[in-house]
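What follows is subunit A paired twice: with subunit B in the first complex and subunit C in the second.
On to the complex of A and B.
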């Protein structure tokens, strides 16, 4: 959380593919940044005028480089301002703060082989994984699917480093991943990691389960960013306040704008830190997180305020 | 701290004792006149100069003696130190954390110079001078965890994090309060806490696990735990129960002050950077009751705590046989005056 944030400067902004920029942050005080593990992310806090934007981004590596961190950001249309801000207003020399790295998508180092599958911008944590596996010498394969050749960031870089371990696919051409075949051919003891669009993750996990993979060998990082929706009011039972959540902001963002500091970590519906008790709701909770169980979602007594919202007029939270 | 290292023993003739300074900095664990489980976790941040909280890794006057005792335990029973194969990266994380902390906080005793992967470690109190390649286990005389674990006070276990659980997949444990690494290795957080009474019903472990899974890099946390030990014995392991278990029957009104020890563990948890594992350090402190009652507040409070402890806890901590004798001896130090809040001396 904000107490331990690290002030950094944008040292480099580089367009690496269609709609994708790579950003390098270096520490303002020149002291080494913490080492991080493959799959880790950092929450970047940026100021856009009066507005504060906090977005989680996967750290790409190289691992062990404590002089700077690199992230890649895809320009999206339905963004809450994060990716748009990065693409339009984040220039070299700008100052932002980043959280200590945190990992919700770690490698299982017991695996005898690692099968990495990435779609589009989902390549970023997968790149750090490839780096780590290369360093410790565990076998891996990386299957990377992009829409067009020009949207494929880092293909050349990856092929140069890891050669035949890299398999590239383009969805606009006929060259797609034959997932069913790929997943049925892996040796026992293989772990699978997938990062990309929701539909791809769901496909990969479904096919893996059908092929008999054990649940503990399947690892996925979903890109859950807060979705917009209809506005509603949040009533805070403990602090006796009401805060309006606008179309384009999450409950967490609305509370922060109102000067509150609810706990959070990943801001992506994955870690569970911002779990909040729902005391009443005059509509339905729209659960967008990957943390609560289906049963808990149905009960409607908890909400992850970083990504989920309600369809209704008013929700009362135990805050 | 600017003291000489003591040469005392934690077995056979049991010459261990605390200096007056060491008594004053003892982490007395009772902040009120009663005790019950709680998650009681706080940030492991820098405390007052001279206190056990001053640095993340506390080295004190017993350093050399404790390391000698650890060497004896490991020689007799190498299974006190175990690491599953996938924990090698975490072992290096552990070595880095200890070497950098010790060299930074105790430059008079330890030094670390690094140039890329080429590291040079000097440990003056133990007479060690080692050059090695970080990340290459073949350049050290033992695997990294054992190597540095033999040079640092406290027991250490390393937990791998996967599938929403913590797994005790490595550790160097020679000064434990009656639990066994060899038994627990490979178990998860709920499994190894299985024998603890009462706390499961209180959901203490569910809350603690959830908290730890999100433990952040650079934000270690700590808590105190305690038990009592007869004789200043560090190795009160199940493996050696036949050597120390019967000591509990030897407490008499005459020897309580010298034989009965309060044993406090300063437990800290650190997220490790490369492996995403969690290091659990268990730094034990022993104090004789005769030493403890030199602080009037502690002399008043300890009998009140022991006298009101639930039976399940007394049994679990192995105090049953000598509790009454100890309480009778302590009674004269409780004059009925109120005690101030918090654990520190007045």
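On to the complex of A and C.
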């Protein structure tokens, strides 16, 4: 983490679509918030009774607005209480803290053109990108696909602002994105950004590689929420403690509940900040991150504690 | 006097074919043609789709590279008399190119540097250009004082063609300018110039 968290107040909660709420935070002390670039996220710390929830959310913009930050939250069923808490218990006037923004999904401004692809709630960082590109006047097009017309948060808002640069698709209808065609029609010097469900990200990246796009031009937001699993024990070699990781929490969350403060940044298996050495494990590591290489995952000597778990009884970490 | 380990000094790992590319654009000068010919021999089956070669025929008394390039399974060879005219032709080819086009550069550092510079100006990441050095190591040098370019520098110290200062040619390289940096070598005692030797042959 960089710097202390910032105390903020929920200034507005707005239902923008089925299961999607937009939240506006304003600083408690009234001082300007740090500026951020498109693609940045903040980690929001919320207290639900005795439980502390920390979730990363992309900042939607508008860019340059230092009087408040806006995020959008999709209510998910397999949530660890994060999105559920936001939807049921986070009201206007509530106090939470947020981290300084950091960006793992930045625009490459050397590009001649930017191709933005979003699926569902993946629209949030992409909206900030559209805003930034509109401000600096670099050509872009945005392809946004949603499950149903009413789940399409922000379609009208985007169309109003950017007109024909916005292409909307409904995955339940026949109007699906013809990705292969889209990817083969882009001028040299285009960079691609994709954010959405994992399957969509994998599809887009695979098709882009097959279409001859170089790796350096492909950018994806790979936030993963920690998923549940069987409980297990984490033995901490340096601090000589054992902490139980329950079904519905990540190793990082369990350690934080036990009063420890391991380093983290994205809490989504993307940034590498919480990489931890595994000294021993009586089962298998279930790597859910997008950071370690396949080789490192195979070797089993490192784990990203924000999202990954083990299948076994006990793992010893170098903490 | 040349400082080792300068990170900006370009590396040229050698040509390899991008099997996914739909269009392959080769930019070469002089003996760089042989690198293209060697690549087709080595990895020809991985080169699918259209192939366009822009060649600056600058190798003095060299084998007839132009017709050897035309003998390859390529769509078009643009044979140009100089590096400058080849780069102008390359602008025409790449301006209308789409993603899925892979750019290769082989030959002198100047040819490679100007190709990478052009790719970058067109929005491509410079690391996407696949490069192989062949032939002369003569450098294109930018004077850090007057910003003028001096071409085909083969000595460790050169007189700036624009402002006349004696420049020490460094490994520091600007991808944006496609040039090594030349810094005044006798700034402290004017006229006190180390021995000049030909080191970039």
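Simple rule for what comes next: the second predicted complex is superposed on the first by the 317 of 319 C-alpha atoms of A that agree within 3 Å, B and C clash if a C-alpha of one lies under 4 Å from a C-alpha of the other, contacts with A are read in each partner's own complex, and residues count from 1 in each chain.
The rule is simple: a residue touches a chain if its C-beta (ideal position, glycine included) is under 8 Å from a C-beta of that chain, and two chains touch if they have at least 3 such contacts.
Just so it is clear, the model here is predicted, and its values are computed rather than measured.
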| item | value |
| --- | --- |
| Simultaneous placement of subunit C and subunit B on subunit A, clash or fit | clash |
| Contacts of A:190 with subunit B and subunit C, given as first, second, both or neither | second |
| First (subunit B), second (subunit C), both or neither touched by A:206 | neither |
| First, second, both or neither for A:108, with subunit B first and subunit C second | both |
| Subunit B versus subunit C as contact partner of A:216, first or second or both or neither | both |
| Touching partner for A:51 - first (subunit B), second (subunit C), both, neither | neither |
| Clash with subunit C, by subunit B stretch, listed 19-27, 235-243 or 325-333 | 235-243 |
| Residues of subunit A that lie at the interface with subunit B and also at the interface with subunit C | 108, 110, 216 |
| Subunit B partner contacts - residues on subunit A that touch it in the complex | 4, 34-37, 39-40, 63-64, 100-103, 106, 108-110, 136, 216, 265, 271-273 |
| Sites on subunit A touched by subunit C in the complex | 108, 110-113, 183-191, 209-214, 216-217 |
| Residues of subunit B that touch subunit A when the two form their complex | 84-89, 160-163, 210, 213-214, 216-219, 273-276 |
| Of subunit C, residues touching subunit A in the complex | 18, 20-23, 94, 97-102, 120, 122-125, 127-128 |
